[in-house]
Amino acid sequence: MLESIKKIAVLTSGGDASGMNATIRAVTRYARYKSLEVIGFYEGFKGLIKDNFTILTEENVGGIIDRGGTILYSARSQEFKTEEGMAKAIDNLKKHQIDGLIVIGGDGSLRGVHDLHARGVRAVGIPATIDNDIAGTDYSIGFDTALNVIISLLSKIRDTAFSHDRLFVIEVMGKNSGLIAINAGLACAADYILIPEIEVDLVKIANSIRNHRKGKRHTLIIVAEGAAKASDVAASIKLLVGHEVRVSVLGHIQRGGFPSALDRLLAAQFGKKSVDLLLKGESDCMTAIQGKKIVSVPIEFIINNRKDISKELFQLAHILS
Amino acid sequence: MLESIKKIAVLTSGGDASGMNATIRAVTRYARYKSLEVIGFYEGFKGLIKDNFTILTEENVGGIIDRGGTILYSARSQEFKTEEGMAKAIDNLKKHQIDGLIVIGGDGSLRGVHDLHARGVRAVGIPATIDNDIAGTDYSIGFDTALNVIISLLSKIRDTAFSHDRLFVIEVMGKNSGLIAINAGLACAADYILIPEIEVDLVKIANSIRNHRKGKRHTLIIVAEGAAKASDVAASIKLLVGHEVRVSVLGHIQRGGFPSALDRLLAAQFGKKSVDLLLKGESDCMTAIQGKKIVSVPIEFIINNRKDISKELFQLAHILS
Amino acid sequence: MLESIKKIAVLTSGGDASGMNATIRAVTRYARYKSLEVIGFYEGFKGLIKDNFTILTEENVGGIIDRGGTILYSARSQEFKTEEGMAKAIDNLKKHQIDGLIVIGGDGSLRGVHDLHARGVRAVGIPATIDNDIAGTDYSIGFDTALNVIISLLSKIRDTAFSHDRLFVIEVMGKNSGLIAINAGLACAADYILIPEIEVDLVKIANSIRNHRKGKRHTLIIVAEGAAKASDVAASIKLLVGHEVRVSVLGHIQRGGFPSALDRLLAAQFGKKSVDLLLKGESDCMTAIQGKKIVSVPIEFIINNRKDISKELFQLAHILS
Amino acid sequence: MLESIKKIAVLTSGGDASGMNATIRAVTRYARYKSLEVIGFYEGFKGLIKDNFTILTEENVGGIIDRGGTILYSARSQEFKTEEGMAKAIDNLKKHQIDGLIVIGGDGSLRGVHDLHARGVRAVGIPATIDNDIAGTDYSIGFDTALNVIISLLSKIRDTAFSHDRLFVIEVMGKNSGLIAINAGLACAADYILIPEIEVDLVKIANSIRNHRKGKRHTLIIVAEGAAKASDVAASIKLLVGHEVRVSVLGHIQRGGFPSALDRLLAAQFGKKSVDLLLKGESDCMTAIQGKKIVSVPIEFIINNRKDISKELFQLAHILS
């Protein structure tokens, strides 16, 4: 079976994450080193269905390691969730004689790996999402860059908050997970962190802010978008504390930009591992980092497990603030 | 009269701007070099009324050149607009035997200089506002840093827009002036720029976007906050173009952060000039840069003139996009 | 024994590393939360001998999380290596009734922990060195920031190398260890990496460069300072390849600056752990991260073990280049 | 004559400067807007002689505004200085029916414009050199970016200098001109600045350092490469002051990277102006900014005049330090 691998495909799917390009580069270069042909489908599963692709070579993945976003583009595909769409995708993989598919993306994209595998496609996933909410891996690509972007932005906000004696509510990404909020909050010395996993007690926070404000010129409250809307939090705090509150929704800025060192190192190792997995005949699994080890995790594990937040980090952030 | 200058005061007022600290440092060090005593009032005119101050020395302005915001804090003061408040301010200046006051701030702060002068206080202003909407000077402190922050953020947004084939509406500062929007838009290759000075024709923009989108994977529309709300623009464009539109409101992030080289060079020169003006017995004027020259402009000129946007730059931005 | 802990001291020693301030903040705030008194000795063991110290409070460690370097300063102390110096240090600890000492620093500093423990002082270490060459911990504080600084600098060098069709030899830190060189080299797509652990074959590299240069406009060679001098490598490559070679010695720039998210997260967790260790009566050990776990490692282990480089990463860097 | 302009060529020459790509983009897009054809010669005059070129369109200059270096590459050409080389260059311009040439580069490149004009070629220059040593224009492209890079690096060096109580000698670019050294030195609060234009008195500096060091934990000395070698300065200061001195040679890092807002605004305006000049039949001139005005300056003026440093800024830097 192993000798059958001659040609692989790669695609990026779901929300873009910084380091996806570095991953495409690593997959391509390592696969070429292993004498494989590589094609890249554009716009994730949408391009796979539409047969929108490009040939990837050592040369045309040069110079992309520094760039945010993804040169293969990304998109969400409703059609891929239908049997018809899935069939078209598989037809295209067959047409191109693809022996293995590497999917770079988040939660939903990895389910796509599972679905394709169930229909006979050899596929492996690489976790890439700034939310870092995928079970089985300490890090997904893009998380570390997003944290670094957020702390640099919060440093700017602290400058202005400090100058004007202001309360700020800053909304960060995380629809279902407080991971970004907790890590960013701890890293940037936020005063309060609101996450979906822990019920918010605004009255308690408001009381604490009132008692805390003596001698303090800035109060930063970080809200994961899944916990509450920053503007709602700000309105409540204003009423409860009687002090003006400013809002900053970081939004898409968190996604992009120059990838961090850690995300590049992960990209290199995940890229290599994903090709090695295909070469060994593996499928229906995801590359992961556990401790310092690069391992393989069954997609089933990811589907059936939820990545928990660290309550210790959450508490520590509040102790140190 | 000139020999009477022994002690000066400095304050920062209005919205904080990056480079204010570098200006405080320059004022203090140059004044000390000229053997003057220097005190800094906290929180602008509010602190002047409340007599909230600190002594500034060569040493305690060390290490602040790199920092955004203002170590003297800033605030808005309603009381300063009353005769009673003004009287308290003047009393405090007399009590401390202040021979000259340097006000670092924007439009409203400079009017304060004028009002104090009218009541016998020797006062000069230094233009510092990220809006750069003060007549008589090519640059005010904080504008160049804000532009640099904006282009670095827009570069991140372009990464994600490009990856997802998206339209973005980005709201930047500028309540009455499109200066930030035009300059940032030209510098970061925005596709459309909406400013308060020029009536917005969304239908025309929508038509242009439709025709333009072939082969283009990102469309960036920059809106000055004074022209329209980004969310309203996005809603209209979505209806007119039939393509999803994302919104990013940059907000307070634009204010803060590590000051740019240009803002530091201005800070040094404006700081020196403002002290020299006081030493020469000048008052009711503002330091300014015109071309490469550091000059003095009467506050009256600033009050009576409006800084125009450059229509040429506005057009050029659209030609190059 | 445990109830005896009422007052602790902290110091930073050896080469400064970004994140030391965040660590001082975490130690202080967490210790205060545990109702301990905290003093900080200036300039590492030198200040401990000279009794040069400051009281650390929640307030005076505010605002330092963003700053590189160390507010407690660092220095090398020859005197500390003598019995006389050691005796003075211990006297000062006794005089201040210090129940436990936290030493933030690298290899040599951690040996100081061991030596003090041998003389009856309860002491724990926190690994902080950009070299990351301390056994028993995946990361030491400062390493991740240094990597991020290096990749941003190398991105600039690649711009100019690419424009001018140039070979560059870039010297990075690492006297005894190629860890920075390998990780930075992999993260920034260097073409060749020279490290102290693996014998350098310049002829082979030169041959490879000659064959490789067709269609390539930049060649980046990273040299750990312990492997060779960049200028020597450049001179040899120039002779062997017959193409001009430029040199860049990154030097001290690698140390400083805004700490990365990862270094701040480590700082928070190591800070807490070190205080908890002292409270539990532990001594002669170092906080460490292994996988995602914060653990304690005996100093003896650190002294007797050498942290190996990852040959896999080294090879992968060359495969992907 | 004016209607004859149908096709223009553009090239980048000399040391690369950040903003060259933004300039290529502006020239191309504005020329296309004016219905001109545009080709770009690779590697400056070398490519012009070798007929190494590419067609430039609106599309293929997309996405380059953010990138340092030059997509047209740059090189030095000895051949261009010969009559034979010059003849080949002119032949190639004729072969392609080029009606006007735009040269983006520094001093030497602008002389090339003059030489080509003397042989009947219609040519205009755009000043682009990080040295900013071209007479007749306040700014050349790349200078502002270089200053911003330098101040961010010096901020890192100050962190480590401050932590270790160190003297640093930092070498910046500037073979014949102290412009970078003065502006960077003033912007980053350097203590001493050594430039080629003013004789260096190391003994005086050493005395001042000795007196100054009380209560000061870092001393930064900036040296323009044309004034002295940093290592020589460091050796002398060490002997004279009796305190260890560290050296940092910033080198090529100063050239590259994400262009600043100001350099992009200049690029847009210089690009437009250069095309307009060709369309008006002008030649043998350079675009320039004087004050806020974009003007044209005869190349002869540039050749015959030297851009002076500002002694006022030089003194101010020392007063404020």
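For reference, chains read A, B, C and D in written order, and residue numbers begin at 1 within each chain.
Heads up, the rule we're going with is that contacts are C-beta pairs under 8 Å (C-beta built on N, C-alpha and C of every residue); 3 or more make two chains touch, one makes a residue touch a chain.
Computed from a predicted model, the values in this text were never measured in an experiment.
Engineer: Could you work out how many touching-chain steps separate chain B from chain C at minimum?
Structural biologist: Minimum step count, chain B to chain C: 2.
Engineer: With a step meaning a move to a chain it touches, how many steps does the shortest path from chain A to chain D take?
Structural biologist: Tracing touching chains, the least step count from chain A to chain D comes to 2.
Engineer: From the centre of chain B, which other chain's Cα mean sits the farthest off?
Structural biologist: Most distant chain from chain B: C.
Engineer: Taking each chain's centre as the mean position of its Cα atoms, how many Å separate chain B from chain D?
Structural biologist: 28
Engineer: Please tell me the distance, in whole Å, between the geometric centres of chain A and chain B computed from their C-alpha atoms.
Structural biologist: The separation of the two C-alpha centroids amounts to 36 Å.
Engineer: Could you say which residues in chain B touch two or more other chains, in rising order?
Structural biologist: Answer for chain B, listing residues that touch two or more other chains: 155, 158, 162.
Engineer: Judged by the touch rule stated earlier, which pairs of chains are there in contact?
Structural biologist: Chains touch in the following pairs: A-B, A-C, B-D, C-D.
Engineer: For a test of understanding, state which residues of chain A touch chain C in their complex under the given definition.
Structural biologist: Per the stated touch rule, the residues are 25-26, 29-30, 33, 59, 63, 65-66, 138, 144, 147-148, 150-152, 155, 158, 162, 183-184, 186-189, 215, 258, 260-262, 264-265, 268-269, 271-272, 290-292, 313, 316-317, 319-320.
Engineer: For the complex, which residues does chain C have touching chain D?
Structural biologist: Going through chain C, the ones touching chain D are 12, 16, 18, 20, 43, 67-70, 73-75, 149, 153, 155-165, 168, 217, 246-249, 251-253, 255-257.
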